[in-house]
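Please go over the structures that come below.
One chain, chain A, links the two complexes that follow: it is found with chain B in the first and with chain C in the second.
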Partner chain A sequence: METVSKKNGSERGPFFEKIPAERPCWSCQSEKVDLYNCVSCKTIQEFLSDTDYFASLNQGYTLNINLDQLEKQYYELSRRFHPDFFQQRPKAEQEISLENTALLNKAYQTLKDPLKRAAYLIQLVEGENQMKTQAPASLFEDIFEVQEAVEEMQALDPSDQVGRRKREDTLKSALEKMQRYQKDEQDKLLALFTKWDQLEVGRKSQAFSAAQKNCLMEMKQILSHTGYLERVIQDIKTALKS
Partner chain B sequence: MPQVVGIDLGTTNSLVAYMDGKTPRAIPDENGQVALPSIVAFLKEGPQKTLTGEQAKARLMTHPKETVYSVKRFMGKGREDLEADLQHLPFVFLGKGKEGVQIQIGDQQHSPPEISAHILSALKARAEKALNTSVTQAVITVPAYFNDSQRQATKDAGKLAGLEVLRILNEPTAASLAYGLQKEKKGIIAVYDLGGGTFDISILKINNGIFQVLSTNGDTHLGGDDFDQKLVQLIRKEILEKYKVEIQDFPETMQEARLASEKVKCALSSEESVDITLTLPDKKTQYIRRVSRSEFEKLITPLISRTIDSCTQALADAKLTPTDVNEVVLVGGSIRVPLFKETVGDFFQRQPHSELNPDEVVALGAAVQAQILSGAITDMLLLDVTPLSLGIETMGGVVSRLIQRNATIPTTAKETYSTQVDGQRSVSIHVVQGERELVEDCRSLAKFNLTGIDPMPAGMPRIEVTFLIDANGILNVTAKDLKSGKETTVEVKPTYGLSDADAEKMISASMEHAKEDLEKRQWIESKNEAETVLHHTEKALAQGASLLDDAEKEKIEKAIAELKNAISSEMHKAVREKLTALDQATQRFAADLMSQSVQEALQNKKLKDL
Partner chain C sequence: MSYSKKVIDHYNNPRNMGSLDKGDKEVGTGVVGAPECGDVMKLQLKISGGVIEDARFKTFGCGSAIASSSLATEWVKGKTIDEAFQIKNTEIVNELSLPPVKIHCSVLAEDAIKAAISDYKKKNDIG
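Now for the complex of A and B:
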């Protein structure tokens, strides 16, 4: 997918301008409709089918997000759309309220978490559904060692304290190394966030630039490694606990 | 204007409350009692003749087989879920395996929702009399950790009682609403709710009238009833040893032992020791025994530890530590046991409080929510979560998670399905709830059949299925044929879980079984990954043969053959090894392929940009 929007000419993000043109108010047919409401009759409007998480919360496509503001926006929109406030309204409005709220809930839970936020943006730009995880090459050996130690631990006689301690030490040192790796990669990721944001703020055309896409590719690589490692870390923790 | 009421349908007691102006109030009966014992007595005179509350309670000992208590424990359960309970209970249960359980009273059969409906009807009548108006709409509370079937059963009970259930509301969240109404609150609160039969912990963030649940956890089979049961078992064993009498064979005596234990438990909240007295089945021998508070506390310590485990998990899910919590609110009758206050206080390092009556606060909160739904309150809003992850069965019996636990509701997930055989007319989707990796270890919710698919070659139909968890925490499934745009029929076949598949058991089991799961998961994943890699490698070999010299090609083909061998050996470790080997063998090839396609992509790009 080359572009996220169909119209050009906005500094904030491309989708806001296209909305009024593409749908009249479902209730009063007025042409003056913004992202959320009909300007004339104030009735709530269904999000367009391609409204993404960023758009639904009125966010531009930047990755450094002010979480307090995001929460404030989410709360405000929840007050606007939540089904609790539409219980006495016509069925059509109830349905819009339900669908919009479901989208807002998912959008907020995704965007408030930096890793999910980045993964979502990549998915949005690339049009891919699922992020594949992959073991980082530099840690192949350690991952292998961990798997071996976990398996050996399971096979161990419960009375073999020495054997257990040996495996635990292996796992603990691997855990430490992997957590350090995760921390480093996360720092790299945050640096990429800033780089992306600079490119995004300066974006003139409606398509994302090649530099932006490269930046996303780098993020994708990091996420794929850290995502894989996160599971290994969980496995180590489970093994150490059992 | 008809009144919307809030109802706390409890394991031991039930209450109804309404909004008196801006104050929620519990409605008392004509004797001034607000708590209605959740007991239904069936009379011999006719199938429709029932008593509820205190009148029913009076018949517990005289008619144990016709007087049903703690029916909440059976809501939405299959027969096999209840095996462990059956020996303690005087009722006759019908049904097999996954069938919904039925209770045999005389020659009549009653489902748990039907029995609960009698309690709801009594509360409805009470409210109508007190408020002098008809009551047709209600908010009914359930434990936050109730699963989909249990919520559905509660909603059904409301319907049977002639009530339109505006909302199934989580009990701890309801309590937080009643608290929040008291004074302007802000910050993180933990609601620890220990009732007669269930335990919930919810972590909420309160800000400017928004009550956002961050996480919830619990145990729908842990409450005051279980403390009584610990004492009953103590008595039973001692009587068996001393008098050689198995009181379990005598429903009247068992019931007496249970009621005596309940009294002793309550007395021990203020006394250091209490005598427990029981008349044995011979109607002559008196069993008397002194129980000290410390002895009782020792009996229930394992139960307390389980609640603390839930608190730990809930905090972890909310990404918080105990000291992040600004206030701890205690709810439910069972928190009167002093040891709980202490243990919870120690865990959160903070004095818990219970300014509002812990028995009433849930009903009061339900009344507040009822007012929000009727449009009379607009400055408060609850954002609640689903307690359990929702997933569908995929290849190899592995669960593919669609909705994570603690996702804010309402929420949706979409999946696109197709057919596997030419001319296939229907597709079956198995939906499960739980935290485990494998379908067999989760609670089966329902099988959904998409029917009426136009006959087409395999893989051609594209049916988009939407899984929606609504604001009640109840699952709704709809399907759309993406080609024609028309709605597809969804047939629902609800299931009622597995023998050890209570929602909470699934979570604790998921910790216990993490090891086994890990092994099974590793094998399935390795196998799937290996098959995918093989597929891609073989495809790449066919396409990019020109990039390879003979020696390299041979090396890769050898690695492929070895990986295939490893798969058929079903050894996880071998598959891993051979996968790595294949990966190494193809590294240069993959890089070449990549740079080739990148170059192609860049060329395309430039063309387009021009």
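Now for the complex of A and C:
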């Protein structure tokens, strides 16, 4: 799934507004500190405890991300904080380098994947730790048939080629149907990305708007269904290979 | 949490497990699922002259879901459609001593009975 954006990082979420005021440089006490370095003495700065993945990579809270720019930003920051460069430096700097690098790695792995990116944003806004998966009601019958076929296949006599083919056909057609469903849901999700971004760019207040939260709820619903089906799809693939 | 004796009994000796011919006009089929846990349940009723003659179930899910559907098939046999439609999930909860976290399994069984009956009615153009 490829995403393209027109803007990059120019919109700032609520997080960014408090950075300069919140902490002086730990080394020289200067107040002129940006997210990564002290402007005066250039020493690296520890991320604030609530630095989220978007903020750490200098991204606004938009969901259509330019992946090339994200990668560039990630490499640049990785170089800046790389532990190898701090081996001769004071212990405090070594620790900051390690911790910041760890956060940047997690941030990049999450944000480069559109599904993980959306799930992360939902979690960030809602404050929930884990996304629950839900079976889509329209596919209960297919899910049942899949489980039945998988079970029957395991019980089959290895020489029963006809029996096996029959179950394989059931599984293959269910797989096709579910993959089509996933594709449709992902298209819906991408449309919601665009809707979210429009709302985010137009956001005037500190907090995310009610319309934005509704948009996230819709995404959450889709992600919980596709997450559930992904497991079923893996089960089918495993059964077909066995 | 531990399962009650009755749940374990139904789990170890499920009653009426299996399938009936889906194409048979006298057979109503209900497939329902619980979105949260992913349990799916199929319940089939063979109905003749408004009376449920036979019932079969197949459930992929936890012990409580299996026990609820197993019990449901026992209860509906010999009942009229209308009587079966009146079965409430709370009766299943009481009979099996299901804990609060497993109440949704009994709801699933009630829904499955209703779904099977409506499938039968639809097949036979009964309003």
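Throughout what follows, the second predicted complex is superposed on the first by the 231 of 242 C-alpha atoms of A that agree within 3 Å, B and C clash if a C-alpha of one lies under 4 Å from a C-alpha of the other, contacts with A are read in each partner's own complex, and residues count from 1 in each chain.
Rule of thumb we're sticking to: contacts are C-beta pairs under 8 Å (C-beta built on N, C-alpha and C of every residue); 3 or more make two chains touch, one makes a residue touch a chain.
As the structure is a computational prediction, the values presented were derived from the model and not from experiment.
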So, after the overlay on chain A, do chain B and chain C clash or fit? They clash
| message | On the A-aligned overlay, A:Lys106 touches which partner chain: chain B = first, chain C = second, or both, or neither? | response | first
Practice prompt. With the two complexes superposed on chain A, say which partner A:Tyr228 touches: chain B (first), chain C (second), both, or neither.
Written response: second
Winner on chain A touched-residue count between chain B and chain C: chain B
So, A:Phe85: does it touch chain B (first), chain C (second), both, or neither? first
On chain A, the footprints of chain B and chain C overlap at residues 140, 144, 147-148, 151
Within the complex, chain A is touched by chain C residues 31-36, 38, 40-42, 58, 60
Given the complex, residues on chain B that touch chain A span 166-167, 207-208, 210, 369, 372-375, 378, 381-383, 407-412, 468, 470-471, 511, 514-515, 518-519, 522, 573, 576, 580, 605, 608
Within their complex, chain A touches chain C through residues 132-137, 140-141, 143-144, 147-148, 151, 228
Per the touch rule, the chain A residues reaching chain B in their complex are 2, 75, 78-79, 82-85, 87-88, 98-99, 101-103, 105-106, 108-109, 140, 144, 147-148, 150-151, 154, 210, 235, 238-239, 241-242
